[in-house]
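Please go over the structures that come below.
Next, two complexes with chain A in common: one pairs it with chain B, the other with chain C.
Up next is the complex of A and B:
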């Protein structure tokens, strides 16, 4: 009996040791100081001017991870204030899945594209770059989930979202050679990043009935309540655009 | 080793002695003695330990009792009671708009594991289960807040009740965060305390948000 127990014990110990070793692999990516994190957060909104020289990207995972969790918290608040009804699933699961899916999925996709376009960037650097780019999303959503004006959201979307996208794009451009490759990489990243912010706003948007009723022009259909359906989201976007055009006429 | 240069052993003195070390006979005796004691004694000892830890959370002082003998009974009881109280607060009857039991349970334990991993990766000296123990015990003020919210909601659900609930939940959230940082931040290098405190803040913020937005059917 005892040799068998020894075998079981040894197997468990080696499994526990390999788990510990896996944690230690991530340790260098968490080696940051608070001032560094703050500096990188502010830098993520400032586009660089020098794109002929490869810009340095810090391969750090603490800041991006905390930003993703903050985005999850903000998204939960937005979903709750908009009374979103999730049919199959839970609010928490949806929020976590959306944010982590975006961060990991788009990073992997951009890394694959960067590999195709011969850009000088590693996976950890891509994760870090995209993660810090979510800082702009956090600010925008935090403000616009509480103050519900479409024009305010568009301004924030263009300015704040645009600044963080410009920073990411400039850093990527500085690490790629060739016009076509630069265009492919930057176009894809800019499109995905800006569209994600648009999706996060409109998918969990509060119906502001009273204000829109008084402001709508003639023969405008009422704003549709959105519940995680893509055609309804585009319907909502068309509605708002039509309303704003009607207002200006 | 220069100090040992002049040590010499003469050839004709044999080096001998007993190589077996006598096994300390205390531990088997202790095992047998706790095995033979009445069940009431065992339960009371564990309950006293849990109660002492609750007192440590209520008055967070820098003591090592919470850290030294960690146990997960208290966190389990708190988590289960919080999840039971948060269940069933949904807007419609057909769809689940409010958090269900499994969701709250998973959030608390998954969040605690993530914070523990984060503090370990940042160079913390505390062990995995010690950190889980501290984070679980510091959910107690929020459980008290949930109880108070439920009682206030029995009286009515207007603006006044919302303000009362906001104040109570806010105060308990601050208490939880302060209590857990009093224990956890000490195990970090001094200039990185803010990096460990922020995820704890976010964790208790999400739990407080779930408590504050709870509306019973």
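Up next is the complex of A and C:
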């Protein structure tokens, strides 16, 4: 029996090894210098003017991957400073799921749309473009999670978010032929990108505002922890029922 | 000395010992020249020293005497086994001198690292540092041992994948785990200071950022010198900083 088990084990190990060896396909996309990464980060905020011939997209995965992880870290920091409680999950899982889900999911969706609209872009280039577009999100969220002014957030949303969206849109326009196709592709990307920033700010920001209100008033009501996935309506219902019960007792 | 000489004389005289030598040479096998050089003098000696009549008598006599080669060899073998047993720490692979050297390298991120110190993967130091972080967090009232181990494991896997993709020569899991574990030492300082005063607030944040920077600078310095990736130290320091930032989040909140 043991030689059989050895054979099976060896076969499984070699299969796992060949699967692991496939990671080497990604090796050329991680071959970068720090100067290049810095240049690409700054370029991601500068919209290009020439849309008549296809703009070059760096097919690189190190920068986008690090930006996604940075966004995860910023979200975690924001959730921790606002004492967010997540039921049915963990803070880490939520943050990683949100950020990676956006990066991989929206890239795949845009690649599919690009295929339909006959745009000249590969999957790695799409991943790279969207990943570098998250640089604007990182800056905005880093600033507005620490300085809590709604108007400041809207200014950052429009300016910083808008610049990175314009850059991505311009690159896509330069690679697509035909007005309708350009409209579909760029409209979808702009909408998704801007709405994602809005979602990140409001989904993780609500609790921070709640705490600020309680700390600023002279007569402080008892500290309330707002659970993220109980909607406000049922929270109010629960509170009123508890109050009525307490009054009747 | 005289005993030894007699032993030598008898040794070369008898047929049994010549064959024994031949056997020994065959079993070693590798150094044939040495065997041949050892064989040739012994083949000459019996012709030079031993008359044919004396040989069988002296041979029989030798065997029956107690202080003879097989017994002496057995005694020698026993003594050699006890003497040649490696010390316990060496057998376990724990070398305190290396551990101390690596600790000093981590504590001084500005000193250039020796590329050979990470040749053997040593997980004793990292285990001690993880336990120390867990213990200091416990003293601050947070029971986060599971988080420490989970983050360490996931971080090691991720860094291993990234370093294999970025470097020309690959790395092993043990090397990555060892380096990341050793550079966790400044984080122990952070978590022990969290026992004394709260790290939430501007001074705490600045201190945490300083410690995270210290850890990631040491880790990236060791990785770049071990993998010969000059010019990419910042690219390696950033993921390390994100990983150590997670530990800092544990210590601060």
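Everything below uses one rule, namely that the second predicted complex is superposed on the first by the 190 of 249 C-alpha atoms of A that agree within 3 Å, B and C clash if a C-alpha of one lies under 4 Å from a C-alpha of the other, contacts with A are read in each partner's own complex, and residues count from 1 in each chain.
Just so we're on the same page, a residue touches a chain if its C-beta (ideal position, glycine included) is under 8 Å from a C-beta of that chain, and two chains touch if they have at least 3 such contacts.
In this text, all values refer to a predicted model and were calculated from it rather than measured experimentally.
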Quiz item: Fit or clash for chain B plus chain C once both are placed on chain A?
Solution: clash
Self-check item: Which superposed partner A:62 touches (first chain B, second chain C, both, neither)
Solution: both
Quiz item: Between chain B (first) and chain C (second), which, if any, makes contact with A:27: first, second, both or neither?
Solution: both
Quiz prompt | If touched residues of chain A are counted for chain B and for chain C, the larger one | solution = B
Exercise. Based on the superposed arrangement, let me know which partner A:76 touches: chain B (first), chain C (second), both, or neither?
Key: both
Quiz prompt | Overlap of the chain B and chain C footprints on chain A, listed as residue numbers | solution = 23, 26-27, 30-34, 37, 62, 66, 69-70, 73, 76-77, 80
Quiz item: Which residues of chain A touch chain C in their complex?
Solution: 23-24, 26-27, 30-34, 37, 62, 66, 69-70, 73, 76-77, 80
Practice problem: Under the touch definition given earlier, write down the residues of chain B that touch chain A in their complex. | Solution: 91-92, 95-97, 99-100, 103, 107, 117-118, 120-123, 191-192, 194-195, 198-199, 202, 205-206, 209, 213
Quiz prompt | Touching residues on chain A, where the partner in the complex is chain B | solution = 23, 26-27, 30-34, 37, 62, 65-66, 69-70, 73, 76-77, 80, 83, 85-87, 90-93
Self-check item: Interfacial residue positions of chain C with respect to chain A in the complex
Solution: 161-162, 164-166, 231-232, 234-235, 238-239, 242, 245-246, 249, 252-253
